[in-house]
Amino acid sequence: MNNVFIHAAGLILSGNREVYFIAFTSLKFAVSSTTISTAFAVPLGIVLSFNSFTGKRFIVIILNSLMALPTVVIGLLLYSLLSRSGPLGNFRLLFTPMAVIIGQSILSFPIITSFVYSALAKTDAELPETLETLGAGALEKNLMIIRESRAAVLSAILSGFGRVIGEVGVSMMLGGNIRWYTRTITTTIALETSKGEFELALALGLILIIISFVVNFSLHMGIRNET
Amino acid sequence: MKVSFYYPFRIYSFIPHGMKKNLTILLLIVISAAGFGYAGGQREQKPRLRLATTTSTENSGLLGSLIPAFEAKTGIKVDVIAVGTGKAITLGENGDVDVIMVHARGREDRFVKEGYGVNRRNLMHNDFVILGPKNDPAGIKGLTSAVEALRKISTSKSNFISRGDDSGTNIKENHLWKEAGIVPSGKWYKEAGQGMGAVIIMANDLKGYTLSDRGTYLSMKDKIDIGILVEGDPELYNPYGVIAVNPTRHKHINYEGAMTFITYITSKEGQDVIRNYRKNGKQLFYPDVFK
Amino acid sequence: MKHEAFLFLNNLTFSYEEEEVISLKNLTLSDSGITVLLGPNGSGKTTLLKILSGLLKPSGGILMLYGKPVENGTRNILRRKSIFVHQNPYIFSGSVKHNIDYGLKLKKLSGDNRNRIILKVLNETGLSGFQHRNAVRLSGGEKQRIAMARALAMEPDILMLDEPAAHMDSDSRKAVENTLERLSGEGKGLIVSTHNLAFACRIADRIVRLERGRLAETKVNLFKGMVSERDDYFCYFKTERITILCPPDRGNYISAVLPYDDVILSSEGINASTQNQLRGKVSGIRKTSNLFLVTVNCGIPIKALVTEKSIETIGIVPGRELFVSFKASAVKLY
C-alpha cells in the first residue's frame, strides 16, 4: 500500500493536468451550487427565524427530513425530471455541468436553510426590531442580520458546501461522469475504485481533504480578523 | 413577540455603506461571479455527441484512443457516459444519449425491434473468460464448456462473484446459468453490484471464481493472483454492437453526430484504431467490419 | 414645536394568539416631558411601546399622530418620529460609533453631518470619548446608553424606553435617571415603561398605569419639585406653586406622591393632625366605579376620592371653594 501513497503524492506534486482539472471541476460545481442555494436558503432561513405563521413548523420538518435524504435519491428524482423523456427534458440539461449544479443546489438548500434558521432562532429577537426602528428596509435589515450572525451563517453555508463537494450520487447520475466535462473528484474516486485503480482515487481524496481544510480555515480566519 | 412580517426579496435602491467592509459578503460575490462566469463560458460550435457505453470499454482504455481520434477528425466533442449495458440501453430508450455501444446481442435486437434504435452495426468482439484461484477447488481448469464449469462451481459451492448490475457481462453470466439449468443461490454466490474491476478484486480477495471480459482481466493481470481457468468456448464470444438512437422518437437526438460516429468507427480507419489498441502489449478487441 | 396631543389613541386593541393583550379606551400622550407607563410585568407595557413606535400594528381601534390617523401607509412616519429602545438592547458588533452610525447611514447623511450628530448624542448620553470602544464589551448600563444614543441620533420627536433601569445597580440606575433628566431638560419627549414605582415617581412628569393591558387609575397625586428646607419636624417639599410638609428625611428627592384616598375635603378649615391645609376651587368632578374623583385647583391640581354622601353633605360642585387637607405622613417622597 505504501507505493499507492507515494504514487498518489506524485500525481499531486507533479501537477498532473487531469487531476487538477477534476479537482477544479469539483470546486466549480460546489461553489456555484452553494452560491445559488445560499441566495435562496439564507433569506428563507431569516423569514423562518423571525416570523411565526401557519405551516412554519411543517416547513422546518420538511427541511430537516430533506437533509437526511441520500444524494442518490435526489439524483434519481432529478434524473427522471431532466431525462429527455421526463417533463423537463426539453431543457436538455441532463449530463451537463448545469444539471449537476442544479442537483447540488437542491442538495445543499435544506441544510443551509435549516442551519441558518436554527442559528438565527438563537439570536436576539431584539435585532430585527432594532433595525426596523432605526429605519432599515427589508433588504437592509436582512443584510444586517446576516452581518450580525455572520459566523453562524457562514458555518451553515460551509455545511452546505461540505455536503456537495463530497457527494457522489447527484454528480454521477446527473453529470454522467464525463471526462473533461462533468467528471468530479468523487465520481472519479468511484470510477477508479471500481476499476481497482487506487492511486488516482487516493490522490483525489487527498485533494478533497485539502480543499475542505483550506476553504474552512480561510473563511473562519477571515471572520475572526474582522471583529 | 414575533409578529411583524417582512419580505426578504423586496428590492431597495441602496445597500448600506457598512457592507463594503464586510469580507463575507465580498467573498460571496467573488465566488458567485466565478461560478456564473464559468457556467456561461461553456459553448461549442458543433453539438456534443453523447455516447453511452459499457464500463468494460471505458475501463480497458480503448475509448481513450478511439474518442480523441474521432474528435480530431470530425470536430465533434463526445461525452462518454460509462455505465452497465442495461443502464446504457435505458438511457437510449429515454433519449438521454445519441448513440450506444454495448455488448448484449439479445437486448440490442429488442432495442432496435421496439423502435428505440436504428442502424445497428456489429463493431468488434473479444471474449469472456472464467477466472478462478490457482488451487481451483471446483476443478474447472481446462474445461472447454463454460456451462459445465459453472455446474461444477455450483456443486462444490465455491465462491462465485457476480457483477449483479445488469451489465453485458452480468447478462451473459445469467444466460450461462440458465443454460446450465441452475438458479444460483446460497452463501457461495455473491452479487456485488459493482464494476468489473471491483468484482475481479473481490474474487481475488475471496479466492473465488468470476466471469470477466478478457480486456479488463488483462488490464489487471499484474495485480491479482487469480487467473484464466476456462476460455475458448463459443458461448463465451463477446460481440459489441453500436446503435444510433431513433431520432423519430426523440427529436433532440443528435442523429447526424451519431451516424458520423458509427460511420467512423466502422470505417477502415476506426477499425484500425481498435485493432491496434494494446494494453500491456496485448490486443484486447478484434474488429468485426474490416477483419 | 411641542404638542400636547402627540399621540392619541381610542379603543386601541392588540391581540396575540387570539388573546387581547392590550385594550385601551382613551389616552393622550404628550411629546414633552417624561411620561411613565407604570405596571407590573406582563401588563402590556412593552407591547404598547412597540405599537406607539410603529413596530407593531394594532389589531383594532384608532391611533392618531398629531391628529392624523396612523395606517399602513403612514406607519413609517410614526417610526421616524418615535424610536424604540429595548430593555436589553441589541448592540451591533463593532465600535460604539458603528452602532450610532448605522441609522445615520440609512438616512444617507454626509460623513460630516454624521460625525457631528454622533458627537452630540454621545455627549447627551454621557458617553463622550466612547466612540472607538468595542460596544459589545461595555457594561449593561453603558450598552443601555449606547442604545439611547443610537436612537437619539435619529432625531425623533419622542424616545420610547422599555424598562431602562431594570436589573441595574443603584449607581447605573442613577446614571440612567440623570440621562433621562438631561434629555428631558433639553426638550426631548420621553415615554418610559417601568414596574418600579420609586423609579417611576422620581422621573415621571405624568404616570400612566397599565394593568393587564388596560388603563388603571393612578390613584396618586404626583408633584415634581425639590426639598427646599428641613427642620426637626418636617421636610419642606417645594413645587412650582405650593410647599408641602412631609415627614423628616435626609434624601435628595424630586417627587412627592400623595394618594387620592388620603386627601380630605372640607368646607371649613380643620384643626387636627393634618399638617397640610390648602384652599382651592373645584375644577372637576368625575364618577369612578363607586366613588367620585374631585379635582381641586390649589395653585396645582390636587385630586381626592370621596363618597357620594360627602358630595351631597359638603355640597361639592364645580367652582366651589374648599379646604384640602392631608397628613404630612401621607406624603411619600421619591
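Chains: A, B and C, in written order; residue numbering restarts at 1 for each.
FYI, a residue touches a chain if its C-beta (ideal position, glycine included) is under 8 Å from a C-beta of that chain, and two chains touch if they have at least 3 such contacts.
Predicted model only: the values in this text are computed from it and were never measured.
Chain-level centrality, scored on Cα centres against the all-protein Cα centre, points to A.
Comparing the centres of all chains, each the average of its CA atoms, the largest separation from chain C belongs to B. The two chains most heavily joined by C-beta contacts are A-B. Put simply, the C-alpha centre of chain A and that of chain B have 28 angstrom between them.
Annotation: 54 Å between the Cα-based centres of chain A and chain C. Rounded to whole angstrom units, the spacing between the C-alpha centres of chain B and chain C is 81.
Along chain A, residues 129, 132, 140, 144 each make contact with two or more other chains. Each of the following residues of chain C touches two or more other chains: 55, 102, 106.
Residue positions of chain B touching 2 or more other chains, listed in rising order: 1, 3-4, 16, 18. Within the complex formed with chain A, the chain C residues making contact are 50, 53-55, 79-80, 83-84, 86, 88-90, 92-94, 102-103, 106-107, 147, 150-151, 154. For chain B in complex with chain A, the residues that touch the partner chain are 1-12, 15-16, 18-19, 21-25, 27-28, 31-32, 34-36, 38-39, 42, 50, 55, 59, 79-82, 93-97, 194-198, 200-201, 220, 223, 250, 252. Taken together, the chain A residues at the contact with chain B in this complex read 28, 31-32, 34-36, 38-39, 43-44, 46-47, 50-53, 83-86, 89-90, 92, 94-98, 101, 125, 128-129, 132, 137-144, 146-147, 150, 153-154, 176-179, 181-182, 191, 193-197, 219, 222-223, 225-226. The part of chain A that touches chain C in the complex is made up of residues 124, 126-127, 129-130, 132-136, 140, 144, 148, 227.
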